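By written order: A, B, C and D. Residues from 1 in each chain.
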Amino acid sequence: MTKTDRMRKVEKLWGSRFKKKTSALFETFTAGRDMRGVLPADEKLISYDLWGSRAHVVMLAKQGILSRSEARTLIQGLEKIEQAWLKGTFRLDPSKEDVHSAIESQLIKKYGLEVGGKIHTARSRNDQIALDMRLYLRDQAMEFISAMLFLLGALLKNAQRDREKIFPGFTHHQIAQMTSLGHLWLSFAEQVCRDIQRFQGWYARFNQNPLGAMTGYGTSFSIDENFTSKLLAFDGPCQNTLDPIQCRWEPEAEMAFAIGAMMNHFSSWAQTFIILSMEEFALFRIDDSQCSGSSMMPQKRNPDALEVVKAKTALAHGTLASLLSIGRALFLGYNRDQQWTKYLIMDVIDETLSAPTVMSEVIGTIKVKDKRVLAICQKGFITAPDLLEEMIQEWGGPFRQAKTAFEKAVRYSEQQGREMISSQDLRKALMEEKVDFQFGDRFLSEAQDFKRVISRRKGIGGPSLKALRHHNEKLSKFIEYTKKWVSNRKKEHELAKRMLRNKEKAL
Amino acid sequence: MTKTDRMRKVEKLWGSRFKKKTSALFETFTAGRDMRGVLPADEKLISYDLWGSRAHVVMLAKQGILSRSEARTLIQGLEKIEQAWLKGTFRLDPSKEDVHSAIESQLIKKYGLEVGGKIHTARSRNDQIALDMRLYLRDQAMEFISAMLFLLGALLKNAQRDREKIFPGFTHHQIAQMTSLGHLWLSFAEQVCRDIQRFQGWYARFNQNPLGAMTGYGTSFSIDENFTSKLLAFDGPCQNTLDPIQCRWEPEAEMAFAIGAMMNHFSSWAQTFIILSMEEFALFRIDDSQCSGSSMMPQKRNPDALEVVKAKTALAHGTLASLLSIGRALFLGYNRDQQWTKYLIMDVIDETLSAPTVMSEVIGTIKVKDKRVLAICQKGFITAPDLLEEMIQEWGGPFRQAKTAFEKAVRYSEQQGREMISSQDLRKALMEEKVDFQFGDRFLSEAQDFKRVISRRKGIGGPSLKALRHHNEKLSKFIEYTKKWVSNRKKEHELAKRMLRNKEKAL
Amino acid sequence: MTKTDRMRKVEKLWGSRFKKKTSALFETFTAGRDMRGVLPADEKLISYDLWGSRAHVVMLAKQGILSRSEARTLIQGLEKIEQAWLKGTFRLDPSKEDVHSAIESQLIKKYGLEVGGKIHTARSRNDQIALDMRLYLRDQAMEFISAMLFLLGALLKNAQRDREKIFPGFTHHQIAQMTSLGHLWLSFAEQVCRDIQRFQGWYARFNQNPLGAMTGYGTSFSIDENFTSKLLAFDGPCQNTLDPIQCRWEPEAEMAFAIGAMMNHFSSWAQTFIILSMEEFALFRIDDSQCSGSSMMPQKRNPDALEVVKAKTALAHGTLASLLSIGRALFLGYNRDQQWTKYLIMDVIDETLSAPTVMSEVIGTIKVKDKRVLAICQKGFITAPDLLEEMIQEWGGPFRQAKTAFEKAVRYSEQQGREMISSQDLRKALMEEKVDFQFGDRFLSEAQDFKRVISRRKGIGGPSLKALRHHNEKLSKFIEYTKKWVSNRKKEHELAKRMLRNKEKAL
Amino acid sequence: MTKTDRMRKVEKLWGSRFKKKTSALFETFTAGRDMRGVLPADEKLISYDLWGSRAHVVMLAKQGILSRSEARTLIQGLEKIEQAWLKGTFRLDPSKEDVHSAIESQLIKKYGLEVGGKIHTARSRNDQIALDMRLYLRDQAMEFISAMLFLLGALLKNAQRDREKIFPGFTHHQIAQMTSLGHLWLSFAEQVCRDIQRFQGWYARFNQNPLGAMTGYGTSFSIDENFTSKLLAFDGPCQNTLDPIQCRWEPEAEMAFAIGAMMNHFSSWAQTFIILSMEEFALFRIDDSQCSGSSMMPQKRNPDALEVVKAKTALAHGTLASLLSIGRALFLGYNRDQQWTKYLIMDVIDETLSAPTVMSEVIGTIKVKDKRVLAICQKGFITAPDLLEEMIQEWGGPFRQAKTAFEKAVRYSEQQGREMISSQDLRKALMEEKVDFQFGDRFLSEAQDFKRVISRRKGIGGPSLKALRHHNEKLSKFIEYTKKWVSNRKKEHELAKRMLRNKEKAL
């Protein structure tokens, strides 16, 4: 039974509250570690360690450091381990220190010290773990980017659908100005674009091959770093052997920052959704599939996934702090302190990797309650700023003077329990502030007409249909070339693996 | 095979480097999570959940909310689960949400909804998890304190042994003034006292019973919170039901701070030991049992335990940051965000609980290299401050003037490659600075005699034998009454458990 | 013109929006550093440095290290500097390194090297700054505690007033259960009690005299640390001279934690007030004196003080992280790194010291909107949990079974647009779940009557009048003895100063 | 007297210790805020606010929103303020809220509400401050990059000079393997390249014009965002008006991360220099110009600048934590919380902006002590790994077997007090481990010859002359095109300013 299946079967203490089943992803994302353990860290590295070892062996043979026959034997051994691993019959032997020694020991056990004892030639655990981590992190970066591309799709779909739907905008938790709902979705999309770029920045900076760094000070074996770079789909070898060993906190910290910034975006969407779906707002309704009930109170519909997003954001920030702290004031060369960067970055990736998809689900299933939107858009003097702008445009006088008058008008109307400025109050305030502006009976209603208000804000980046279309096009192009970027990277990885297989066969 | 046994058997890649086996504790402390997973969090809570549930049932029966027969059945069921748990035959069913539902489901399965379905009466998962966490954290606080008492013992033992051994003191990483080695150990001891007090402060603040808080808003069942407080060894019930639910980050954060401060102390000792045991200093030699070798370099002796202490300190600080961040700007009442405080605090405790004992081992086995101490204590003008003080005492003139002269004298002597001030240079400098102080030939050697120098610094807290004895006495008393405090708390816990058993029997 | 006066005169861009002036405290708290600089750090230490220096001189004279005449001269000089400082004519000379050298230089300038050059005898800048910081932080701890006692008063006043006012309780941002408003205020009070205790814990741990520590390794001058402890109102001298120098991050970090935890409490109140005073809730109205307007939108009423509380909480947490990081892995003895702890702790105190008073103002002026409270308390099945409890009490059957039925009943009623369970739906659900419970027509309305619901939750810490009275009494006692604690500490400080003056006169 | 002059005049309490004056930069960098205050934050923004306002006015005139005459008047007013500001006669009026209102008020005061009151048309303080901060941060990014280019120059100069100088490499604070000193400098350079790239990444992401965003929801005024983008040297307008307002923590946090990572690099160099210049190592001597003395101990030479680098690194990390925390779980739209991001990022920039230059000075003046290098390179079995590699290459057998033998050989030699493996011990160990390898008398000395050892490690990124040359070339190209990048950006800024001036003249 897969994890997902199992999760679907969960009997819950709040089981008969909802019509709809919760999402399987929701379950795993919010389950936490109450009933689920964390696997040994090196299980995540087995496939990367094997890839790296195979490339290392092929290179050693090419350089004449291993004989072709030795290399063939070792490759055979590594392949068998890989197959066993995929079948679930290879387990990390807990009596070994780490994945590196587990695999080497296995080879020695099988092929004797004579052959197995040669795989560590021209290699140190320092460059080996740096390699494994870069391969692992590189894949995670790709996963994050792919998941965010999917999320961008969901946002653009919503934006397309809601491009003419009005929605209240806020500042300071107070109703500020109307906007369009499409505008909101595209503001989210813009954030995601930067998040993707940060992971791409990571890729550009750290897709460098550390093999040959040894303990940090290089080797006298005549290895070929360019060759292993190709076999492992790196952009090239590290330009200094000490650097990837000394800075074994930096790829980790930079990815943690990219995650922390991304989670900050999601956590703010989460907070917005949570508040705007509270009964008193009810602008949104979060889907049953993203909610849970209570063990004691029969009536609850809790936005758990969104709350968990906020918690995991705090977790990501603390992890970043730990990673930076480990990398602070390190003495020259590798220090054991740095080993802990492994668990820190793995844990935070485990907690957040599905966050973009969770947000896609939430956004794809969230309901907008049009009636409530309409009701709230008639409150809180929401169109006063638009009225003020139109009045200034007609009048031609100074903004500051008009605004002072409007503040008074709001106060007068508020005192009478109104939520929009009345003609009478505006006239009184304008007179008091010596603003000589005459307006007819229909001015206020026209100037505050919802459709008109939104369509008039047509500047770049604004909520009008025109502006949204413009932005949408830009985003579509961004998605297109980012998808291409992803597929190119994936192709590179595939090509590297194929090249490796060919070289192995040619041994 | 126990974990410890297994660890002892580890075949290491750097296996033939040392004569002495590494310490078993060293192994587990430094192993990290490469080959070791993390258990589900709720496994840590099973025994506490059972204790809390039994107390709850006994109380419900006393109050007539359950019949005595129902209570007997439930207690019987809980006991069976406990026995199965101890035997290893009760496993958390991963199809349940958490430990609370796992146990309730088990009771329902065994005794039907009719009886099993009654255990959650007058209880919510909110107060139940608050209870479990407080019981768990309380035990951890006791463990930390006990381990630090042991560490204090090791420090005092060393201090006693080294009370007349000189040692170089530093500031800014530069040799500053001589001190006694006993003085160093006692400065460490003073730090540990404050660390212990912080855990006691935690105990005083959070040993309050949250049962009856329900979801935060109390219950109409006529429960007896004072009674459950007694059965669970709490100082009393929480005075407001919302508080322990709303602040389900605060006991966690306060303990994380206590841990973070403690680890800061240890990390600074670690840094000091690491530097002072580098070959070039060789003031200390860290025991083989606390070191590891290299997979590639045959000659290495790495102070891994101490490096790991530094890494775990960074981890503790980041965890504290996450915990505080989760507790920031929470809306009224429980929020799911708070669930993540559970994993954060458990992880940091797992990583650091054995740190005091590791430090005890390091301190108990560290070797002081007397010859090197002596050599270094003749360098860097280390006794210049003492000479300056004695000169001022004899001369009677102003400190500032004398110090200016001494700075010159140091410069003159340094220019001639000396590491101590010569009579000639001092005389020259004094004359230039118009300090009218005459001294005989033996003044310099007497004023800089090691034993004399140390014995003269006899103020409270200083390095002289007299001062150390005074401090030692104070610390012995601290240890004595803290041990009593611990044993009193443990007795309270035992008495509560006995009282519970008696009440159960009387059902 | 004082700062406060100036602030009152601020002409604001959003000036004609409110009837009521903003609070002067609000202005300074929210103003930030846009138009306000930060004074040199050592300005905060002048008075403490003078106090410490006077005690040092008197002690040196008592011990015969200074002559009485020299001591008289130095005391005279220090007094003159103090008077000049109070009059504003003594300014820190920026060509000096710090407050210590500024004052010593002044003395040397005035009384020659012969006398002025003697004040630094048996003293180092290391123990001097440790002293200054402890005196400064001790005063700040007292200020925080006093401000929180005032805040406790405001909370208890509100609690007294609102002890029978119903209020909706929440979990997961969803309406959960009714409570009393008094219950809410007292939950806040309980948090403040722990905050006060943490500052008292700080006081207990760090009110120790570091004078005589010198650079960390003591002195051969026959100083009297017990005497200076009395003159400076310390509980006694530090027991190890290295400790206060080595750990010059720990008093700072512990106070930062106490601040960070306190701010977490305030930030959660702030978040609660902000949300519950949004127009759509309008359970609270934050007073005009605590709000600001907008430069562009005429209608805004922004809860700035509360938003700023949240920002400053984040600032406090980051500061704590920095302080702990500085104290991590320090090498033996003082390191210059530690100097930065001074600015970090001073900045965070400057930003947060008035936070308790700001919260007192907000709480003292906040309006509760009874009609809205009533309206919301009829929504969201808020009394369902109480109904469930009463039904179980009458029926006598298992909670789990009844709850399952209630969940169905909620779903049925919700489908028909109701916000409370109807008799019909409950009957249907009970039947389906085979719960054999008969109830009359008035059962539902009686069981959900507001007053009755609250009064039935009478356990310790609950929202009933009885429970609130009990808690109120406990809190009043806490306030009483904490006030006594504060006044005793203040008396000790006064007595020490008086003793010092007497000793000075007797020179 | 300028700040620098003043600093040069400082009379120090430890004044007669050194021959050489401390560096002026050292003084300001290490002085801290003891005697120096912090200016109001908005002083930093005046020039940017004026630039932005002028561009805004010119655009309003172009769009016919202002008359040309009004625009001329406003531009004249803004220019006068700018001139007064440069002359020091314009001061921020502390009775105004911020720089924006200070300038607008000044214009109103001078030209009446009629004209001055028009400048805020089609603008909000929200987009205005977002603009000011982006202009300010953009300039800081350029400063950081320029300073790091200078630092790269210093590193390459050292690397060139020291390309054939041997140096001990470390891992775990233990001597590991020899390397070349040039290799060390180039490893530092590699880190700096990534640091530069991160600031460039910032530039690419945030050099977008937020004008027109208003409160986040756009405007109905027909503004021209592309035009203002050109006048302000932005790459273009923000594509969504809500985004730069909602994410007013993100440019700040990303720059704080870039700073935090850069400081981590510097702090590790600092720690390395501090330790390796301790008397017992004395591999380096930090120049007098980068050191300070002690107020009490005449003999001290403290590496203050380097210690301060470490402290400021901790400060940078805490600031990043605060910035991320402020941006976490924000509700839709601007919140006042975000104002504090301004002070946080400004403070950390103030503390760290000169760090690259400080490191350049340290590196440019540090002395390498060749004799000590040689001495240490004969200790700690430093060439054992090279010997092992050469032996394996000659022998052709498995690494693992040879290494086991070598570990034994090290142990045997160590037992006899040697620091290098002796032929005899090696032969014994090889025999015991059944390694059939014969070697002549000169094998050991040749295989461990320093020059030979280094020259043999000729792989990419290694310490050999060949590898260093290769890396040096790559770095020179990096510097070249980054300098071009900087000068292109600066040209863009100049062109924008010139264009603005031309447009102003054409009004």
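Going forward, a contact is a pair of C-beta atoms (placed from the backbone, for glycine too) under 8 Å apart; a residue touches a chain by one contact, two chains touch by 3 or more.
Given the structure is predicted, the values throughout are model-derived calculations rather than measurements.
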Kindly list the shared contact partners of chain B and chain D, in label order.
A, C
Would you mind working out whether chain A and chain D touch using mostly the same residue numbers, over half shared, or mostly different ones?
same
At what distance in angstrom does the C-alpha mean of chain D lie from that of chain C?
36
Separation of chain A from chain D, taking each centre as the mean of its C-alpha atoms, in whole Å:
27
Which residue numbers or ranges of chain B touch two or more of the other chains?
104, 120, 126, 171-173, 176-177, 215, 275, 294, 296-297, 302, 304, 307, 310, 313-314, 317, 320-321, 325, 328-329, 335-336, 385
Looking only at which chains touch which, which shape fits best: line, ring, star, complete or other?
complete
So in the complex, the part of chain B that touches chain A is made up of which residues?
6, 9-13, 30-42, 92-102, 104-105, 120, 123-126, 214-215, 294-297, 302, 304, 307-308, 310-315, 317-323, 325-326, 335-340, 342-344
Contact residues on chain C for chain B in the complex?
104, 108, 113-122, 126, 169-173, 176-179, 183-184, 186-187, 189-191, 194, 197-198, 201, 204-205, 212-213, 215-223, 225-226, 237-243, 245-247, 249-250, 253-254, 257, 260-261, 263-265, 267-268, 270-272, 275-276, 310, 313-314, 317, 320-321, 324-325, 327-336, 385-386, 389-390, 392-393, 397-401, 453, 456-464, 467, 471, 474-475
Which stretch or stretches of chain B touch chain D in the complex?
14-19, 171-177, 274-275, 278-281, 293-294, 296-304, 307, 321, 325, 328-329, 376, 379-382, 384-385, 388, 403-404, 406-411, 414
